[in-house]
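So that you can tell them apart, the chains are marked A, B and C in the order they are listed, and the count of residues begins at 1 in each.
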Amino acid sequence: MLRYLLSAVLSLTLLSDQALAAEKYVVASDCTWPPMELLNDEKQPVGFDIDFIRAVAKAAGFEVDVRNIAWDGIFGGVATGQYDIVASATTITEERKKQFDFSDPYYEVAQAVVLPAGKSISGLQDLKGLKVGGQIGTTGIFVMRKSGVDVDLKEYDDVGLSIQDMMNGRLDAVICDDPVALYYVNKKKDTAGKITIALVTQEKEYYGFTVKKGRKDLVEKLNMGIKKVRASGEEAQLLEKWMGKK
Amino acid sequence: MTQSNLPDDEAEHAIVIDHVWKYFGSLPALQDVCLTIDPGERVVIIGPSGSGKSTLLRSINRLEQIDMGSIWVQGKDIQSNENNINEMRQNLGMVFQQFNLFPHKTVLQNITLAPRHLRKLSREEAETRALALLKKVGISDKANVYPAMLSGGQQQRVAIARALAMQPSIMLFDEPTSALDPEMVGEVLDVMVGLAEEGMTMICVTHEMGFARTVADRLIFMDQGQIVEMGKPETLFTAPRHPRLRQFLNQIL
Amino acid sequence: MEDKKDGSKANIVMVTDGASIPDPREWRLINAWSIALLGAICTLCALCVIWPEPYLRILLYLPDGVLITFKITLMAICCAVPLGLITGLGRISRNRFINLLASTYVEVIRGIPLLVQIFYIYYALSRFVQVSGITSAVVAISFCYGAYMGEVFRAGISAIDKGQTEAARSLGFNRYQTMRLVILPQAMRTILPPVGNECIAMLKDTSLVSIMAVPDIMQRARSFVGTTYLYFETYTMVALLYLIITLLLSKAVSIMESRLNYYDAK
């Protein structure tokens, strides 16, 4: 009995190894960050990042299986090997680089402070003493912390919930990546027109694909794919599709 | 006869039980029971188990709701909303088969609880009275222990003292010695005999025939929810008329 | 209708998902409780001494979360216990309306997961009233545990011998006095361990409120992980911290329980 079980397990492992040999990588994406990644009506992950990683994969000659994974814990999964790549609007930071490897930067963002329509600030220091929300473990939260401005920082599981809370009056401001802020301010039906981007930070950040520390092979493939997609003009098409004309 | 009170000539009775019916589901527990008890009278009710004697006793202070008929205690209808049953119960001391002492209170607290809360006695006054009652039932030395540390006989004597602390004019005893070990029956009966000698109105459901014989002014034999025979104890014991009483006495004596 | 048949079950006060309350008569030095506590404390200290980076750093990051967790738990206990008592009394009430109200409340709340209730109160009710994250956490947890505790109180009260009620009523006490002076003080003893259990379960369940951006232990930990990516290390510390807290609380409940046993025959 045990022998059968063992052989079954063994053949399963071999099968999965073969799957790896066919170069199919699992990609994790937290689909709460429109327009970079979100779920469409059929509950499938879509967005700039999703299209981009697919284009990169095609160009570099591997396949991807994109899965929706909650942001809180998304890095833990890549560290323990549950998936190979995080393509989820991930800013390359020094802290993260200590734990993970990143592809070349593929998109430039800044942090945006979103306020209810009609309000304004001239700098982060104007938020002093206010309730500011953001998504837990995102660079918006880090920027707010590093700024040293004394705010009541609320960390949500999902940036959408923090926008919702600001609309309900529980928060004074939300900080997040500027493409996301733009999406809520301009595109999303129930928030568009009710909120405004009051400030965009000067300091730029760059998104990169995250892989487990030491996966040099994967980083090389990703970088190669990124270069090809750029050169072919496909990147420009995708940018226009998701961000509109600049 | 008015709704809630008996006319004066009838009101002299301690208890009037008038055509009382009580059902448990569809089973009649009391069937058309009529009984009048005068102040100072000592009534003992005997009968086989399930004969309705405890139900009758418990109906008097409305621990059981009767279905038909009426019961007056000192001229007041116990079922009428005009009469406060809680106040009426303060005048009807009751002693249970299972003692039912409050286990979380000491002996002294068991006795003083009701007088302090219901009669608004001061602590000192309630305790003085309670100690006197404990002396009367013969367990002065146990005032500050919890009931769980007493023997059954001692617990039942405390229960009697607790009932007496409200200074009721009528005492109801519901098989007070049935749960006791034989050697403890005597000490409880002694207390009850003492009470009888003081002239307390007593209704007692019991299987103690010796007690019934010495104490009862009137002996009542119940069976199947009815009062079958009633009279002087000697008469019932020596010349029972009803076959069911004869059968019962044969079994028990 | 269920209540009348309950007589046979009346003596069983159910055990819940809280930490198990140590038996107060268990005075041996080596038992599950002492092993768990000693183990947890030793592990915690050892980790902090041997690898102060990152374990000590994590430990120092968490205390304000511990305070919030305690604050929410305490406030929720203050609301849930009276609510449970009222619900329990309502469940045994002879008044049909009150009985139905209490029973419906218990049925509804027991059928909805706490996480959903927390979300519901936080987001759905925010259309009508503005409440802070902590307030809605307390409200949600109190409502949820009020229903559970209602059942504990009901079971505890109906476990008291009927003779006690009869004795009190025959002395002339009304229903309310009987409940207050005779039944509840005795019921407290059977009720305390399961209520203590519920309170400990409640403390653990407060970790759910981190989804409402309330900075409790769990949220602090997640926030720490969000910057450092030290998943294993951080959650090890969080687990140890929760364990030590619940073990200490269950001991406190056990001590209280033994204090309530004063009137037993020795």
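A few remarks follow.
The rule we apply is simple: contacts are C-beta pairs under 8 Å (C-beta built on N, C-alpha and C of every residue); 3 or more make two chains touch, one makes a residue touch a chain.
Just so we're clear, the structure is a prediction, and the values are computed from it rather than from any experiment.
Number of steps on the shortest path from chain A to chain B, with steps defined by chain touch: 2. For chain B, the chain with the farthest CA centroid is A. The most central chain, judged by the distance from its Cα centroid to the centroid of all protein Cα atoms shown, is C. Chain A and chain B, compared by their mean Cα positions, are separated by 82 Å.
Separating the centre of chain B from that of chain C, both taken as means of CA atoms, is a distance of 45 Å. Between chain A and chain C the centroid-to-centroid distance comes to 38 Å (mean Cα coordinates, whole Å). In the complex of the two chains, the chain C residues touching chain B come out as 161, 163-164, 166-174, 177, 181-182, 185-186, 189, 262-266. Against chain C, the residues of chain B that register as touching in their complex are 61, 63, 86-87, 89-90, 92-94, 96, 98, 100-105, 113-114, 117-118, 146-149, 159, 162-163, 166. Interface residues of chain C facing chain A in the complex, by the touch rule stated above, are 123, 126-127, 130, 132-133, 211, 213, 215, 219, 222-223, 225-229, 231. Within the complex, the chain A residues that touch chain C are 72-73, 75-76, 79, 95-96, 99-100, 133, 136-138, 141-142, 154-157, 161-162, 164-165, 168-170.
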